[in-house]
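Just below is one structure, and these are the notes that go with it.
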Amino acid sequence: MKNIFTTLLLGISLFTLVQAQTQPYLNLENATKIADAAQEKAISENWNVVISILDQGGNLILLRRMDGTQIGSIEIAQLKAKTAFEFKRPTKAFEDMIKGGAVHLTTMPITAVEGGLPIFKDGIIIGSIGISGVTSAQDGIIAEAALKATGFM
Amino acid sequence: MKNIFTTLLLGISLFTLVQAQTQPYLNLENATKIADAAQEKAISENWNVVISILDQGGNLILLRRMDGTQIGSIEIAQLKAKTAFEFKRPTKAFEDMIKGGAVHLTTMPITAVEGGLPIFKDGIIIGSIGISGVTSAQDGIIAEAALKATGFM
Amino acid sequence: MKNIFTTLLLGISLFTLVQAQTQPYLNLENATKIADAAQEKAISENWNVVISILDQGGNLILLRRMDGTQIGSIEIAQLKAKTAFEFKRPTKAFEDMIKGGAVHLTTMPITAVEGGLPIFKDGIIIGSIGISGVTSAQDGIIAEAALKATGFM
Amino acid sequence: MKNIFTTLLLGISLFTLVQAQTQPYLNLENATKIADAAQEKAISENWNVVISILDQGGNLILLRRMDGTQIGSIEIAQLKAKTAFEFKRPTKAFEDMIKGGAVHLTTMPITAVEGGLPIFKDGIIIGSIGISGVTSAQDGIIAEAALKATGFM
C-alpha cells in the first residue's frame, strides 16, 4: 500500500516536471497568418515593405519582400525582428531612449528603429516581427496591425 | 494607310528599344507560386525544408521554414540560392566538379551542395531557389519540382 | 486593313505585357559614361576620388581609384553607393536626419555620409554612384555632376 | 679639397640612399591600359568577364564588369587578384599544387583558381590582375593577354 502511494506521488511529480519542460512556440502556420495580416495592412495603405518573422529561438521562420520595396529593408526588417526578440521589447523602446538622450545605447548591437515587435503567448516570448520599407512609424503601424489581427497583441 | 503603317513601324521600333534596355524580373507573386510548389512537394514526401528565393539582383525575396526543419538550413538554403544565382548554374554542378577531383574549387566562396537552382526567363537569369533540410539529393528534387511545376524549367 | 489593325493592337498588347514583366537596367557602357563624367569633374577641381557604381541589383559594375586617393575611400565609396541603392535616396538624406537629431538611425547598417546617389530611369532604380576621397560635400558635388552630365538627374 | 671630396662622396651616398627608398607603383593610367587590353581580348573571344586590378599595396584600383557576366565573378575576380598579389605568383600555381595532392593548402585563405596574375616591374611587385567570368583557363588567357599587350609580362 505504501509502495503504491509512493509510486502515485512519484508519478504526479514526474508528470508535473514534464509539463514544466515545454513552452509555447511559433509554427509556420501562425507565422504565415501574421505575415498575411501584415501584407494586407500594407496593401490597404499602398505601402511596400519587407515582412520578417523569427520564432521562439530567434531564428528566421518567414520573410517576404513586397514588389518595389527598397532592397535595404531585407536586412533592416530582420535586424528589427532580432532586436525585438533579443530584448523582448518593441524596437521603438530603444529608439525613444536614444532620442531621449541615451546616446550610449548606440554602442550596443541593436537596431533602435521602430518596426520591430516581440510576439508573446501566455507571457512567454515565442518570436518577433520586423517590418521595414516605409517610414519607421508606418513600419510600426503594420507590425502592430499584424499582431492585433492575429490575436498576438 | 501610310499613317497606320508608320505608326506600326514606330511601335516596333519603340518595342525593340524597350527590349534592349529592359530585362525580365521576378516578382513576389511568382516567387510565392514557386515556394508553394516547393512546399507542396516537400509535404507530399513528408520532408521538412527551408525554401529560399532570390530575385534578378540576387536579393532575398522570400524565405519559409517548414516546422521541424533543422535551424542550419536557414543559412544553407540562402547560400545555395546565392551560389546558383551568382554562377548561373545548379549548385550540383560545383558539387560534381569537386567530387570529380577539382578540389581547388573549395577555395572559392561557393556552396557546392545540391539544392540550389538558377531561375531563367527568356534566357536571362531572374533569380534562384535554394532548398535545405533533407538530404542534398532530396533538396534538389524539391527545387526541380518547384521550377517545373511553375513553368520555370 | 483589319489585319493591320489587329496586328497593331496585338503589338500594343504584347508591348504592355513586356513592360509589365521587364524593367530598365544599367550596362557597363552607361556606367563608364557616368564614371568618365565624375572623373572629369574631379580632375577639373583637382580632387582625387574613388568612383564606385552599382547596377540595378546593387552589384558592383565599375570602380576606379584616381591616383593619390586615400585607401579608405575604396570601401567608403562602395558603402555610400550601397546605402544610396538600398534605400533609394542620397546618403546625404541620412546624414541630415542624423545631424538633425535622429541619432537612433546610426544603429542601422547604413553609411550616412554625403557622396552617394541613387540612379533612376523612368522612375525605377537602376543603380547608384558612390564617391569618396575629398570632403563629403565635395564628394557629393562630383556625384551630382556625374549624373547631371549623363542625363540621369 | 678634402672637404669637397668628402661632400661629393657624401652626396652620392645620400643620393643612393634616396634612390633605395622609392619603388615602382601602378597608377590608374596603366591599370586602365591593362584593363582595356583585357576587355579587348575578352570581346574578341566573345567572353564576358569581370576585370579587377590591385596596386602595389594590394588595394583595388580598378574593377569593371562586362555586361552579362555572372555576379559571382565580382568577388572571385578580386579574390584571385588578392591571392596573386599576396603570394607574388599566379593563382594557377596554387591550383596545380592542390590538384597535385596538396589538399591541405585549401585551409589557407587563398583562391586557388586560375585567372589571377601578379604584375611586376623591375622585379618588384606593383600589383595584380584577377579575371573571372568564363572557364578558369579562359580567365587565365585573358589575364596573360592583358599583361603581355601592355608590356608587363
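Some notes on this structure:
Per-chain residue numbering starts at 1, and chain names A, B, C and D are given in the order in which the chains are listed.
Following the convention adopted for this analysis, contacts are C-beta pairs under 8 Å (C-beta built on N, C-alpha and C of every residue); 3 or more make two chains touch, one makes a residue touch a chain.
Here's who's who by UniProt: A, B, C, D = Heme-binding protein.
Worth saying up front: this structure is predicted, and the values here are computed from it rather than measured.
Listed candidates were C-D, B-C or A-C; the one reproducing the A-B interface, defined as more than half of contact pairs identical by residue number, is C-D. When every chain is reduced to the mean of its CA atoms, the largest separation from chain A belongs to D. The distance from the centre of chain B to the centre of chain D, each centre being the mean of the chain's C-alpha atoms, comes to 35 Å.
With centres defined as mean CA coordinates, chain C is found 27 Å away from chain B. Annotation for chain A: residues 71 touch two or more other chains. Contact between chains, using the touch rule, shows up for A-B, A-C, B-C, B-D, C-D. Listing the residues of chain C that touch chain D in their complex gives 27-29, 55, 57, 59-67, 71, 74. Chain C contributes residues 58, 83, 85-88, 101-110 to its touches with chain A in the complex. Chain C contributes residues 1, 4-5, 7-8, 11-12, 14-15, 18-19, 21-25, 55-59, 121 to its touches with chain B in the complex.
Partner chain B is touched in their complex by these residues of chain D: 70-73, 75-76, 79, 94-95, 98-99, 103, 106, 108, 110-113.
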